[in-house]
C-alpha cells in the first residue's frame, strides 16, 4: 500500500442523499451470519457490522451467536472450547450458556448475573443462518426473507463464499447494473451487446426493490437447453429482488419457442454481510428446479459461479484501492442512466439509515 | 487485520480511576531496558515508552543508553558504528560521546555543544540493566529495586525475553490473578482446581503492592522434591511483590512435612517494559538457591518458563486483536472478586500517572 | 512496524519557514512522470502528489496522462485495455479519448460530455517524460527544463529508478550536502576527507538554486582518466543546479594538469517525484560526452550508480522509520553550516508553497 490515508468522510462519493461507505450500517435487520454448514461444534469468529461474533452449535444442533468477547477481560471466546452447550473462556475459565448468561466462574464458584454475553437471535433456514443485529429482545421476523429453494426438495443449489476487501454498497450497485457483464465478465458470453441497451423496470416497496428486464434472443448454455428439451429462439426474463440490507434474489427465467413455452428457472442469490466499512462477507448460491441430480451440471455451475463472482471481487477491491490511493480533491462519481436501480437502492439505504438513527435518538 | 480502527480512548476499558491503555506512561521511574548480555559492542535499538533508544557498551564495559536519533537529520544511530567509546552516525559521520555530547562533526571540524543526544541513566544489576526514563539529571535511586538473586553467587537463574504485541497493563493484571493458570496454562498442572478459590492477602505501600496466598496440598515437581529430600504433603506460599511500573517479583516457597520443615524457594520475576501503547518487551527470570549446578534442571526450567509465558503472550495478543476488531459500543470489562489485586494495581497506576502529570504542570 | 502513530504535523521538523513533510506539494510545476520508455502501449499507473495517474502511449507514439479513475465508479483504468487510442474501463466498458473526453458509454450508446477524465499535460524530452501537475489548461512551459544530454547524440547516459518509502525533501537535502559521501558511500572512495571541509558557493534565482564547489587533488577513476589521456593531479568542479520542485542537475568537471587542461564532464541527474508525503519515485541518470560507445564503462557506471543511490534510499527509509517510531516530545532537527544549501532550498520550498496556497485563495 502506497498510501495510508483513508477516504475522506466529508466528500460524499456520489452526492447528498445517496448512501456511501460513511453511511451508518442498518442494525434492525437480518443479515446472513454464515452458511449453516459453517456453524458446527468448532466455535468460529465472524465480525459483522464491526462486532466480533462467536458462532457454534449446541449438542442438539441449534446454532448460537453471542459476542465473541469475554465480558471479564475481552478474551476472544472462539479460542476457548465447548463444554456441553457452554463456551468456556480459555483465560479464566468462565463458562457461558447459549443464552448469554454465565454458567460458572471457577474462581468465584458462582455464576453472577452481571457477567453475561450479548446474544444475537439467529434463524436457520436451510443453508442460510440469519442473524438479527438490532435489539436482541425484539427481533422483527417480518423482516426475515424465507426462500423456497432453501428448504424445498424441489430445488437443488450450489454455493460459495468470499471475503471481499471492499465496502458492501459497491457490490449492491454492481448487482443492480448488469451491463458490466459484457466487460468484467466478458469472456463468459453471458450477455450480448444489444442486451445492455435494454432498460429495466424498477418497483420499490418498503425495504425492497425489484428490477426486471427481458432479453430477447438470449443465448443460454446449449447443453442445458438440449437436456431440458428446449429449443430456441430463447427469451430471458431477468429480475433482481433486493431485500435491504443484504439480499439480492436474482432470477432468470428462460423460455423457449414451444407452445406453451417450456421454461428453465434459476435463482441467483447474492448475500452481502458487511464486516467493516472496508470489508464484507460475500456469499452466493444458484438454485434450480430441473435436472436436480446432475453432478456434472452442479459442478460446472459451482465453478462458473465462483469464477464469475471472483471477477466482481477483484473489481471491487481494485476500486477500494483507488479510494485509498487517489486523493483527487472534490472527486465525486458520476451517475448515468443505467445506474438508476443502484442509485435508487442507495437512496433507500440513506433514508433507512437516517430513519434508524433518528428513531434511536427519540427516547 | 480486518479492521483498522483503533480502540476508542473515550471508553475507559474498566471504569474511571482504573488505568488502561490511554493512561500516560509513568516517566520518573526505572524500567529494565534489556538483559545486560544484550548490551554489547554491537549497538542495538530499543523503543521504550515511545522513545527510540540506542544501547551499547563502552570499551571499559559500561552500558550506554542515548537517543537513537541523530539530532542533525534523524538517522537511527544503531545503524552507525562504534569508534572507541563513540557512536558514529552513518549519514554525515557525526560522533557522539557516551555522555551524549558531540565528539566531532567531520564537515565542520568542530564539536558544537548544541549537537547532543539525550542520554538515559542506566544501572546495571547483574543480568538486568535498568533505565531511568525521567529527568536524566535527577535519577531517583530510591526507586530502584536491587534483587539479591541478580548478583549473589548463592543464586542461579534462567531467563527469557519476548516481544508482545499488547499493552503492558494486561500482563500486569494477568500476573495478579493466578487463577488463569488452571485454564491458560492448564496442561502444566501447576495449579489445582481448589487453589483458585484461595483468596490472596493484599498489602499496598507507596509504589508497591504485595499479594500473598497459601496453597495447601500443593503438587510441586516430584523429581525436584526428591532431589531436595523433601516429602509431602507440601504447602506452597505464593507471593507477588509488584514494584510499579514494571517489576513483578513472584516468590514460591514450598515447604514439606519435616520438622523443622525443609523448603524450596524460587523467585519468578516478570519484567514489563512498554514499547508503545500496543506493544511491550516482556522479560522473565526464575531464580533458585538449591541444587544450583544441575544443567538438566536449569534447561527444563528455562524451557517450561518459555513455554508457559508464551501462552500468556498469545492470550494478550488475542485480546489486543479483539480491541482492534470489536467495536461494540459502550463495552466495559467486568470486574470480579479475583481481580482485586489487579484492579488495585491499576488504580495505583492511575493515581501515580495523574500525580506525575500534575507535577509536570506545576512550574 | 512497532508503532502506528504518524509524525506530528504540529512539530516542524527543523523550524518555522523551513519546508518539511507537512508542507503542501507544489502543483504549478513540471515533475518527471516516468522514464519515457516506461510509457508504452501497456497502460500503467503512477501515483504523483497523491493523484492516481494513468500513463500510456497512443498508436502514433504520443504519451498520454489522465486520471486513473473512471469518473463513473472509480475503477482504476490501467486495469482496463486500449482500443486504438482510447482507454476502455473494464467495469462498464466506458471509453475515453486521450484528451480525457468520453468516447463511448456502451450502455447508453452515447458519449456524454459530463463523463470525462482529468488529463495532464505531458512533455516528452528524450528519456524523460514531464507532467504538469497544475491547471491542465495552462501549463507553464517556461518552468520546464530541457537538458542537452536528453536529446543530443553528443551525449550518452545510463539511468535507473527506485521507489523510496520516504518523503522527498529528505532526498533534496541529501543531494545538497555531499559530505555524506564520506560516510554513507564511504566504501566507494568518491570523496576524500579533506573535501568535506570545502565550502560550496550558493546562488539563488527564482525557482533555482546553484551550489558549486571545487575539490583539489581529486581521485577520479584511474581507468577512465587513462582512457581519456588525462594525467593528474586532478581538480574536480562539482555543482548542483536544483530546479524546484524535483530536479537536481549535478555536474562534475574533472580537469587534469595538461596545458590547456583536458576535461571530463559528467551530468549526474536526480529526479524526485513525490508520490505521497511518505513515498517518492526516485529516478537518476548519469550522462557523459566522451568515450560514448564503451559498453563496459556504461555497465559499470550504471551498476555503481544503482548501488550508490540505493545506499541513499536505505538511509532515507531508515530515517522515515525513526519518524514513525520515535515520539520524543519537541524534537527538532539541528542545522549545521554544511546544511546551508539544503536549508536554503527548503526555505524556497516553504515560500513557494505559501505563495501557491495564497494565490489559490485570491479569487
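As written, the chains take the letters A, B and C, and residue 1 is the first residue of each chain.
We adopt the following convention: a contact is a pair of C-beta atoms (placed from the backbone, for glycine too) under 8 Å apart; a residue touches a chain by one contact, two chains touch by 3 or more.
What you are looking at is a predicted structure, and each value in this text was computed from that prediction instead of being measured.
Both copies, chain B and chain C, contribute mostly unmatched positions to the interface they share, with under half of the numbers common to the two.
Superposition of chain A on chain B using C-alpha atoms only gives a rotation of 120 degrees, nearest 5. Between the Cα centres of chain B and chain C there is a gap of 46 Å. Touching of two or more other chains is recorded for no residue of chain C. The touching residues of chain B, counted against chain A in their complex, run 2-5, 13, 170, 173, 177, 179-180, 182-184, 193, 196-197, 315, 318-319, 321-323, 325-328, 331, 333-334, 336-339. Only residues 6, 47, 50-52, 67-69, 71-76, 79, 88-93, 105-109, 112, 114-115, 118, 275-276, 278-279 of chain B touch chain C when the two sit together in their complex.
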